[in-house]
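Shared between the two complexes below is subunit A, which pairs with subunit B and subunit C, respectively.
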Partner chain A sequence: MKLLKTIRLSKENTLGFVLLGMFLLMALFVPNFLSAGNIKNMMFQLPEFGILSLAMMVVIITSGIDLSLTYRAALSGVIIAMALSAGAAIPVAIMFGLLAAVLCGLLNGFFIAIVGVSPILITLGSMILFESISLGLTKGNSVSGFPPEYRVIGNGAVGAVPISLLIFLLVAVITAMLLNRTKWGRGVYMAGSNPVATLFSGINTKRVLLLVYLYGALLTCVAAVIMTSRYNSARVDLGSSYLLQSVAAAVLGGTNIQGGYGKVIGTVYAVGIFQLISSGLNLLGTPRTFVSVLMGVILILVLMMNYYYDKLADKKETAGAAA
Partner chain B sequence: MNHFLEMRHISKTFPGVKALHDVQLLIKPGEVHALIGENGAGKSTLMKILAGVLQPDDGAEIKLDGEAAAIEKPLDAAEKGISIIYQDLSLFPNLSVAENICIGKTFGRSLFSRVNWKTVRETAKKAMAEVGVKLDLNTPAERLSIAKQQMVAIARAIAFQSKLIVMDEPTSALSNTEIEMLYRIIENLKAQGIAIIFISHKLNELFKVADSFTVLRDGNYIGTYESSEINEDKLIALMVGRELVKEKYEKHPTGDSLLEVKCLSKRGNFKNVSFTLKSGEIVGITGLVGSGRTELVQAVFGLNPPDEGEIVLYGKPYKPVSAEKSVKLGIAYVPENRQREGVVLKQSLTNNMTITCLEKLKYRIGLIDFSQEKRLAEYYMESLDIRPRIPEMSAEQLSGGNQQKVVLAKWMAIHPRILIIDEPTNGIDVGAKSEIHRLLRNLAKEGMGIIMVSSELPEILNVSDRILVMRHGRIHGEFSAASATQEMIMSVAFKGKEDEKAESLQNA
Partner chain C sequence: MKTKGMAFVVSLLLVLLLAACSTDSASEGGSSDGENVNETGELTIAVVPKLVGIPYFNASEAGAIKAGEELGVNVIYTGPTEADASQQVSVIEDLISRGVDVIAVAPNDSDSLTPVLERAREEGILVMDWDTPADPNVVDLSVNQIDDFEFGEAMIDKLVASMGTEAGEIALLTGGLSAANLNTWLDAVEEVVADKYPDLTIIQERIATNERQQEAYQITLDLLRANPELKGILAVSTPAPLGAAQAVQERDLQDSVSVVGSALPTDSGPFLEDGSLDAAILWNPEHLGYLTVYLAKELAAGNMPQNGDVIAGEIGPISVDGKKVIMGPPTNFVADNYQDYDF
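Then we have the complex of A and B:
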C-alpha cells in the first residue's frame, strides 16, 4: 500500500522533475537560454496557453471535451476588440466579451448537462458556430487599435513578472481551490467517474456540469483578454493553435481522458514543459515542423509511462485485494 | 467413478499474499458441483486458474479425463472443453444471438477467411435447441433480458462442446421463474453428461441444484461433501469457521408516521400503491424481479417521478422531484446495483463517504476542511468496520460487503430519518451480511424508518417488521413478520405464475 501511495503521488511530482531537468539541460546546452530576452518571452507566452489548458482540464475531468474552446476565446476577443475600437471603456468592453463567452458556455452547458448530448458532438457544432459568428463580425479581417492602457494587461509587468503571468497563477490557485475544496469541485471529480452514483448521492449533477462549462467560459474570456492585449488585435483564428495543444497539456499533466482525475499542478507543469521545448528548440534554430514532431513524441512517451504506472498500481491492488 | 476434472495441490501466491494454499477440486462428469466460500476465500482465484487466466504455483496438478493437462492461457481451457460464464455474462451487446454463440468460431484460422453465415446460424440454432429455448437468432444481445442473455452464454458453451461449464453467481439477477428455468436447463445439461461448477452465495438454492459441495475458507481447502450428507447450517459453519446464530425476530416499538404513500401510480412501473412507514420500523418489500419494487422506491426517493398519487412526508405533502431534495429532507437510498449506482469505484473511500455531507465539513470561507473530513471518514470506517482501513484507497479495491458498508457510511453521515435500501446483501458474503442486518436493526432501534427491498425471503423474514408483497406493480399482500412464513409470501408473489410462464414463453 505504501508503494502504491508513492506511485500515485509521483505522477505529478515526476512531471515536476521532468520540467526541472529540462530547464537545467536547456540552461546548460542551449545558448542564450538564460538570457533576459528568452526568459521574458517564455513568461509572456505561457499564461494564455496555461489558462486555456486549465479550462480544458476541468472539462476533461468530467469525461468531456471542449472543441469550441479557442473559438469561444476568439469570439470573445473579437467582441472585446470591436467594442474597444468603437470607443467603449475597457471594463465595458471586457464585460461584453465576458457576456459573449458566458452565453457560449451556457449554450454548450445546456445541451451537454441538461439535454445530455455528448460533449464532443455539441462542442464540434458550437466550434463551427462560434467561428462563423466571429467571421461574420470581422469579415475575416483583424480588428485592432486598442487604447494603450488595454495593452498593459498582456504586455505590462510588475517588476520582472508579467501581469499576465500573475493572472495565470491566480487562475491556477483559484481553480485548484474550487476543484479540491468545494462541493462543486468534488462533484466534478465524482460525476466524472460515475455520474449515476453521484446523482444517486443527492448531487445535482446537471448543475455541476453546467457550472463546469460556465467556468470554462469564464477562463476563455480571461485568456481572450490576455491574447488580444498582447497581440494588439483580434481575429477569427485567435489562439486556434492552442485547441488540441490544450488537450495535450491536460493529458500530459496526468488528467484522465476518461474523467474523474486531473490536477491543476500537473497541467501547470505540462504547460511549462511545452513552453520549454518550444522556446529551447526555437533558440537552437530547429525547424518549426520538427518541434511539433518532437512534442508529439514526448506526449506519446509520457502517456505510455502513465499507462504503465497505472498498470503497476493495478497489479498491487489485485494483490492487496486477494489478501 | 472417474473424475472429469482433477485439480490437486493448487497454490497461488501473489506478491505478499497466499491466495490459495494446497486446494483441491474434483469434478465428476455430469454432476453439479457447488463451490462455496465467503468473499475472498479463493473461489475466483481457483476459477481463474481453471480458465487459464492465472497460473498456479509450482507443484500443482491438473488432470482432465485422467490425463495431465496444461492450461496456460484461456484458449487452452476453451479447447479442452471448459467454459466459464462470468457474472456479467461477457456477451457482445451489439452482436446478434447467433454471432455471440459462435464468437471465436466464425472465422477460419486464416486471416482472410470469410464468415460462413450458414454454418454460424446452424450452429447457433442447434446450441439453442439443446438449451431448450427459442430465441430470434438475429436479435442483438443487448435487447435481451439478463435471463435470456444467460441462455445465450450457455448456448455458447454448448457450441464449444464444453464438458464443464462454470457458472459464477448465475441467479443473482434472475427472478424466481427465470431461476426455475435455469434449473431445468441445468438438468438438461447434466443429462448430456456436462459437468457444472456452480458458484453462489444463496445456500438454499444450492441445495436444490447441487450434487456435491466443495468449501473453501481463507484460501484453504475445507472439504468436499455430497449434498445428502450435509445441510445449510453445517455448510455455513464450515464456510465461516464458526456457528452462525440466526437472530430471532424482535419487535421494535414504533413511533410517529414518517412517510405515507397514497395511491401512487406510474405508468408501466406500479399502480395504486399505498403504504406507511413509521419511525423505528423496518418495512420489507418483496416480490419477483420486475414486479415494480425498485421503481416504487426510486419514485419515493425522487429518481422516478410518479404520475399520480400523494406522498406525505413528516406530516406534510411531498413531491419527490429530485434526489437532491429528498436527501436534504433526510431520505437516503442504497441502490440495488452497488457498483454502478452505489459507489464511485475510481474514487477514494473518503470521497465516497463524504459526498453527501460536504456542507457540514466547511470552514471559514466555505472551503472543505480536510482534517474534519478525514476524521469523519475514519469514524465511519471504524464504526462500520470497513476493511482495509485506508481512507485514501479507491473503492474498487474493496470487497462487495465493504463497498456496501461505504455506501451505508455515506448515508449515516447525514443522519437520515428514512433509509431506503434495495437488495442490501446481494452478492455479499455471509459474515458481512449478518453485520449489515444487525446494523439495520440498530438503526431502526434508534428511530430510523427503513424500507428494505429484497428478493431473499430469509432476509425479508428475519429483518423486517412488516412485509409488503408486490406483483405486477401492485401490492398484493401485507404480513406482519411475526406471523409470515416463506410459503405465505411465495404464494402471493407467485399467484398467477402459470399465466406469466405462458407469457414468457410467448415472448421467447
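Then we have the complex of A and C:
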C-alpha cells in the first residue's frame, strides 16, 4: 500500500515536471512567449477554466460526471448580470447567483444522491433545463451594463497577479484541504471507489454525494462571477466550450474517470498544461483546429499511459501481497 | 516507475515534434498563418471569424487570404473552434501578444469583446468588426455585409413572390434564439409582414433549429404535419433552409409550400433544382473576407472608405455612413445561377 502511494504521488509530480519542461521549452523557442502581454494573458485566461475543472474533478472522483457544469455557470452568471443591471449591489447580485447555482446543485444532487439516478442522465437533462431557463430569461440576448467596480474582479490585479488567479489559488487550496483533511473528503474518495462498501462502513453516502454536487455548484458560481466580470456580459452559452475541456483537464491531471482517485494539484498542473499549449501554439500561429487535435492526442496518450501504469501497479501489488 | 517516466518523456517528445511540424508548415504556408509577425516589416491584419471550419467562414477565409496575396499584406485568419465568446476573447488576447497591426473580428457576443478590444486599442492596434457588429465605441470601422432591414425585406418579398399570394400561414425558422444578427433579420421580417403583408399569419414564435440541418428537417416535418395550410417557410442561418427544403422535398410539397432562406449556393443546389427551395438569399462571403482585408489595409494607411467605392472591380458599390460600411445588396441564388458560385 505504501509503495502504491509513493508511485501514485509521482503521477502528479511527473505531470508537474512536464508542465515545467513545456514552460522552459516554450520560453526558449516561442517568440514573445515571455513578453509581459503573454504572461498576463495566460494568468487571466487560466482561473475560470481552472475553477470549472476543479468542480468537474470533485464530481468525477465520486465516479460521476457533471454535464450541466457550464450551463449552470451560465445560468448563475445570467442571474448575477440581470440583478446587477437591475441596480442591485454587487454582493446582493452575487448572492442571487449563488442561490441559483445552489438550487441547480441541489436538483442534481437530489436525483443523483437521494433518488439514485445515474449522474450522466440527470446532468444531461439538467444541462438542457438550465440552458432553457437562461434562454427564457435572456431571450437569447446577452446581459451587460455592470458597474465598473464589478469588472475589477475579472480584470483587476494585485501588483502583477490577477485577482481572479488569487481566487483560483484559494479555491484550489480549499478544495485540497476539504478533500484531504476532512471526513467528507475521505467519504468522497471512498464513495467513488466503492459506494456499497462505503455505505456499510457507516458513511452516509447520500449526504456525501449531495454535498459534492453542492460544492460543485458553489465553484461554478465563483467561475460565473469571474467570467461575467471578465467578459463584461453574461449569456446563455457563456463558457460552454469549457465543458468537455474540464473533463479532459481532470483526467489529464490523473483523476480516475471511474472514480476513487484524483488530486487537486494534478488538475492544476493539467490546466496549466492546456493553457501553455493553447497560448504557445497560438503565438506560433498554429491553426486553432490543430490545437484541438493536439489536445485530443495528448489526452489519449495520457489515458493509455495511466491505464498501463495502473495495470502495472496492480501487478506489483499482487506480487507484493504474494511475497 | 521507470517505464512511467519514459512514457512521459516519449509523449513530451511527440508533442514537441508535432509542435515543430506545425511551425514549419506555418512558415512555409505563407499568408494564412505567419510566424512571428514582429520580424516582418509588412502590415499584419488579423481576421477573426465567429468560429473556424464551417463552409461560410471557410469561404470568407478564402477571400481574406486572396486579398492578402493581392494587396501584399500578411493576413492571419484564426478563430475559436466553437462559437463561444470566451474562446474568442482568448484568441484576440493572443493576437494582441503577437503584435498584429489590425484586428477585424466577427463577434459571437459583442459585449464580451468590449474589454479586450479596448485593450487592443490601448496597444495601438486598429480594431474593426466584420460580419456582425461589435460595440460601436471600440471599433474604428465596421464592415457589414448587408443592410439588416433590407435583407429581411428581401427575404420576405421573395417568399411572398414564390408563394404567389399575400395571404396565408408562414413559419419562421432560425438557427438559434441567441444569435443577434438572425434576430435582427427576423425583426425586420416581422416588421415588414405587419406593414406590408397584413394578411400573412406567422404561426408559432420563431422556431430554433440549433444551427443544424437535421433539426430543421425534423421540425419542418412536424410543422407540415401539424399545419396542412402552411404556405411558406422563411429560414435564417445557413443550415436551416436546407433542412426545411429537405422536409418539403421528402413530402413532395414543392408546389404548395415555398421555402426561402439564407443559405450558401453550393449546398442549396440539389434543393433549388427541384424547387423544394425556392431561393437562397445571401451575400458573397468571399467578397466579405476580401473587403474586410482591403478596408483594413486602407484604414492602416489612414484612408477611410468612400460611398460608392467599387473594390477589385466586383465588390460593391459599397455604402458608407460614418464608421459603418455596407457591402451591397444581397444576392439571390436560384436554380439558374447557383452553379456560378463555388462556396
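In this section, the second predicted complex is superposed on the first by the 317 of 323 C-alpha atoms of A that agree within 3 Å, B and C clash if a C-alpha of one lies under 4 Å from a C-alpha of the other, contacts with A are read in each partner's own complex, and residues count from 1 in each chain.
In the analysis below, a residue touches a chain if its C-beta (ideal position, glycine included) is under 8 Å from a C-beta of that chain, and two chains touch if they have at least 3 such contacts.
Quick caveat: nothing in here was measured; it's all calculated off a predicted structure.
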Should the pairing of subunit B and subunit C on subunit A count as a clash or a fit in the superposition? fit
Report, please, how wide the angle is at the C-alpha centre of subunit A between subunit B and subunit C, in steps of 10 degrees. 130
If we overlay the two complexes on their shared chain A, which of subunit B and subunit C does A:V297 touch? Say first, second, both or neither. second
Quick check for you: in the superposed arrangement, does A:S193 touch first (subunit B), second (subunit C), both or neither? first
Name the contact category of A:Y307: first (subunit B only), second (subunit C only), both, or neither. neither
Is the number of subunit A residues in contact higher for subunit B or for subunit C? C
Once the structures are superposed on A, label A:G202 by its partner contacts, choosing first (subunit B), second (subunit C), both or neither. first
Identify the partner contact of A:G260: answer first if only subunit B is touched, second if only subunit C is, both if each is, neither if none is. first
Is A:K183 touching the first partner subunit B, the second partner subunit C, both, or neither of them? first
Rounded to a whole Å, what is the shortest Cα gap between subunit B and subunit C in the overlaid structures? 15
Kindly list the residues of subunit A that each of subunit B and subunit C touches, one partner per complex. none
Over in the complex, which subunit A residues touch subunit C? Could you list them? 7, 10-11, 14, 17-18, 21-22, 25, 31-32, 35, 37-38, 41, 44-45, 48, 135, 138-142, 144, 151, 155, 227, 230-233, 235-242, 277-292, 294, 297-298, 301-302, 305, 308-309, 312
Across the complex, what residues on subunit C touch subunit A? 1, 3-5, 7-8, 11-12, 14-16, 18-19, 22-23, 26, 32-36, 38-39, 52-53, 76, 78-87, 89-91, 93-94, 96-99, 109-112, 114-115, 123, 176-180, 183
Once bound in the complex, which stretches of subunit A touch subunit B? 1, 5, 177, 180-183, 186-187, 189-190, 193-194, 196-204, 260-261, 316-323
Could you pull out which subunit B residues touch subunit A in their complex? 14-17, 19, 40, 45, 303, 322-324, 326-328, 333, 335, 340-347, 351, 354-356, 358-359, 366-368, 370, 388, 390, 392-394, 396-399, 410
